[in-house]
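My questions all concern the structure below.
Here the chain labels run A, B, C, D, E and F in written order, and each chain numbers its own residues starting at 1.
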Amino acid sequence: MNSTKRTAIFPGSFDPFTIGHMSILEQAMPLFDEIIIAIGVNSAKKDFFPLDRRIQHITSLFTDTPKISVDTYTSLTIEYCKKRKAQFILRGLRNTTDFQFEKSIAQMNSKLLPEIETIFLVTPPEFGHVSSTIIRDLISYGTDVSEFIPGKI
Amino acid sequence: MNSTKRTAIFPGSFDPFTIGHMSILEQAMPLFDEIIIAIGVNSAKKDFFPLDRRIQHITSLFTDTPKISVDTYTSLTIEYCKKRKAQFILRGLRNTTDFQFEKSIAQMNSKLLPEIETIFLVTPPEFGHVSSTIIRDLISYGTDVSEFIPGKI
Amino acid sequence: MNSTKRTAIFPGSFDPFTIGHMSILEQAMPLFDEIIIAIGVNSAKKDFFPLDRRIQHITSLFTDTPKISVDTYTSLTIEYCKKRKAQFILRGLRNTTDFQFEKSIAQMNSKLLPEIETIFLVTPPEFGHVSSTIIRDLISYGTDVSEFIPGKI
Amino acid sequence: MNSTKRTAIFPGSFDPFTIGHMSILEQAMPLFDEIIIAIGVNSAKKDFFPLDRRIQHITSLFTDTPKISVDTYTSLTIEYCKKRKAQFILRGLRNTTDFQFEKSIAQMNSKLLPEIETIFLVTPPEFGHVSSTIIRDLISYGTDVSEFIPGKI
Amino acid sequence: MNSTKRTAIFPGSFDPFTIGHMSILEQAMPLFDEIIIAIGVNSAKKDFFPLDRRIQHITSLFTDTPKISVDTYTSLTIEYCKKRKAQFILRGLRNTTDFQFEKSIAQMNSKLLPEIETIFLVTPPEFGHVSSTIIRDLISYGTDVSEFIPGKI
Amino acid sequence: MNSTKRTAIFPGSFDPFTIGHMSILEQAMPLFDEIIIAIGVNSAKKDFFPLDRRIQHITSLFTDTPKISVDTYTSLTIEYCKKRKAQFILRGLRNTTDFQFEKSIAQMNSKLLPEIETIFLVTPPEFGHVSSTIIRDLISYGTDVSEFIPGKI
């Protein structure tokens, strides 16, 4: 129908990738022809799960989904978009704190590279309380968090 | 590239259609193959601009944009989506008040009709203060609001 | 253990009573010895469901729960608390809009009658999008909303 | 009247314990048979006041209140609740930032241990600006903060 | 010192004028040479207290304060500012709901008349829960609200 | 007209000073007789731009504006106000996150030193997404940020 391939970057640290992230991806599937899960690598930030393990985990979830691939990047997100010829950045929103933060980033990215558009999807209500930060905290206390993480990390 | 036509509904009362609405549409253009600006007609709500004038105004803005059409509907938004075979609802977000309200509606729509996804775009910062409500108020005091309305209503 | 009976008022218009209200009550059950679901009757506000039908619906849900009763009131909420010798007002919170509104009311009630305390519980994530307002809107369009209403209204 | 003892944990770092904390406790007194002020000890977080001094300070405030005791814990909060046979977690809310943060934690705790309920009370308006963070900052500049701290730390 | 007289409009419906309004005025006194309390008269909005009584009440509070006067206006606020040669609009902020609403109005006024600046002051914490809306509601139930209203209305 | 000089402190770390800060100052110019841009020096916080360079940058922007001066301070902000005989603290607000944070600080400062008033101005919509934090992040990735910084840093 349309001749332009629609490619989105789904950027994040995914430390770890949660059922919340999974849900946003499932909601976004019909919207894009290709989605690149892009793990931002920031040497100044301390990892909880090693990068290798995160790549392996996320990749294992989408082996049967040719539309979705996993990659890492170290540049500014919009630079990575340019490199990958992605016109869209995909982000999930859980609450007003998320929204306030994401709004400024999206507006700034639009000013710096007008051809990039940030697309927001709202997390389903039942996952609104799931965050990588809380999950890391639970793991550090030895809590079983498998119900919040798809597949096996 | 992809064989499925991506159709979005952009629902609202558009009383009147503003530069904020225009900006959301421009941002959404690359994302969809077809966008239907759907004016919700609610007999319980009192109009400021008559429906005919709103249809005429919005239609006049997109005569050279085949991808965009204008329609009216009286049913529930998701029922109208089904009727028009639209998989997506497009909404703009200006601030946390918008977000809080839109989030519940989007989550409810998802529960009622899971194949419909609501796509959110953030209004550019320079239009964050523009709302149909404030514009109606300004007009009622005789203020010139032409800078906030695209084309001529 | 303690000699004082702890009685809470759960005030609202419950037009209609939803699975969100039900969930707040279930969460509050261990906290109180008696909970009075108090339907505020406000002649200035137009009802959607007639008062009789709301009383009948809510009563039918708690016939086997001696701790919970249903009543109506027309006075200020804190006056009704005094009359019923209830020391607590129970309220559910879904989001920041709820919180902002409820906070001022609770603080005002505390100033007017310091022996009354408002107790807040957070709605479970999966019901965060359910509101009587949205449900009334859905019903007015003929949508089946039975999944959001406990029992049969 | 009721045969079950209602025990609440009031968790926090209380670094230092403020008039805001005191007010929440006073409001919560009629609601519970026992309240355990539980100082969370987190080796990863740097203390401002040494733990010993915080225990001593808080204990000194409640020597005549048999219902309230002071303890420390190093585990996940819900694990500590289980150990102490507490069914309730007590938290104070000052503003929407507090609420947003506390909501996710409470919902997560409910998922992990459904028999635990988090009870929220709103801080009285006159203490809405008091926070341990601001008080620590004031102390570090040599400001007299005795009006914001009950008793003597 | 400076040769320009600084005049502010303090617009509102003041239905009724509360201790919150009074506090904002006291905080603003050192900032301006003249403050005009401007009661907006909107024929579409139903009054609770008649206009005459509101004028009388507010005037009685400032008979010994030559800097403060009371007036009514029916035009757009910025038009009234022009007429009165006021460069500033004074507004109080209690919470994020106030802020979100006032922000858009202030930004719109700035676009329409750049020489007008809106000045915001934060209500003291102890009055954060006081609003004319809640007070009207209390009065309609026969509650004594004299502690929330300065002087005698 | 009035005999009292109105002096405001505009405190911040200004790391770096942005077009958002510039806009707040321009809006505040008619309100005050003197504005001191006060760079808070906090040994515990790591600078991005060295203090000298920030002083030089900001000073260079106001060489022709006698009303505005640049200074540094290491004490509590209200202590610095006392020392400089400033009655006002000037702050800009972009969004609800800013507001929530600033509100508590302003209320606390008012309690500690009642003769100091914090004056808030709202950032123009077109600069609502500009923050020193985002700009520092962009610079660290080698992005050209000159459009967000007035003059030359």
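The criterion applied here is as follows: a residue touches a chain if its C-beta (ideal position, glycine included) is under 8 Å from a C-beta of that chain, and two chains touch if they have at least 3 such contacts.
Just so we're clear, the structure is a prediction, and the values are computed from it rather than from any experiment.
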* Asked: Both subunit A and subunit E are touched by which chains?
  -> B, C, D, F
* Structure fact -> Superposing the Cα trace of subunit D on that of its twin subunit F calls for a rotation in degrees, to the nearest 5, of 120
* **Most widely separated chain from subunit E, with each centre as the mean of CA atoms** => A
* Farthest chain (mean CA position) relative to subunit D -> B
* Asked: Between subunit D and subunit E, what is the gap in Å from one C-alpha centre to the other?
  -> 39
* Structure fact -> Distance in whole angstrom between the CA centres of subunit B and subunit D is 46
* In angstrom, rounded to a whole number, how far apart do the mean CA points of subunit A and subunit D lie? -> 35
* Return the residues of subunit C touching two or more other chains; collapse runs of consecutive numbers into ranges. => 95-97, 100, 103, 107, 125, 128-129
* **Chain pairs in mutual contact under the definition given at the outset** => A-B, A-C, A-D, A-F, B-C, B-E, B-F, C-D, C-E, D-E, D-F, E-F
* **In the complex, subunit D residues that touch subunit E** => 95-96, 125-129
* Which residues of subunit F touch subunit D in their complex? -> 75-76, 79, 96-97, 100-101, 103-105, 107-108, 111-112
* Which subunit E residues qualify as touching subunit F in the complex? -> 1-6, 27-28, 30-31, 33, 87-88, 93, 96, 99-100, 102-103, 106-107, 110, 117-122, 124-125
* Asked: Within the complex, which stretch of subunit B touches subunit E?
  -> 95-97, 128-131, 134, 138, 141-143, 147
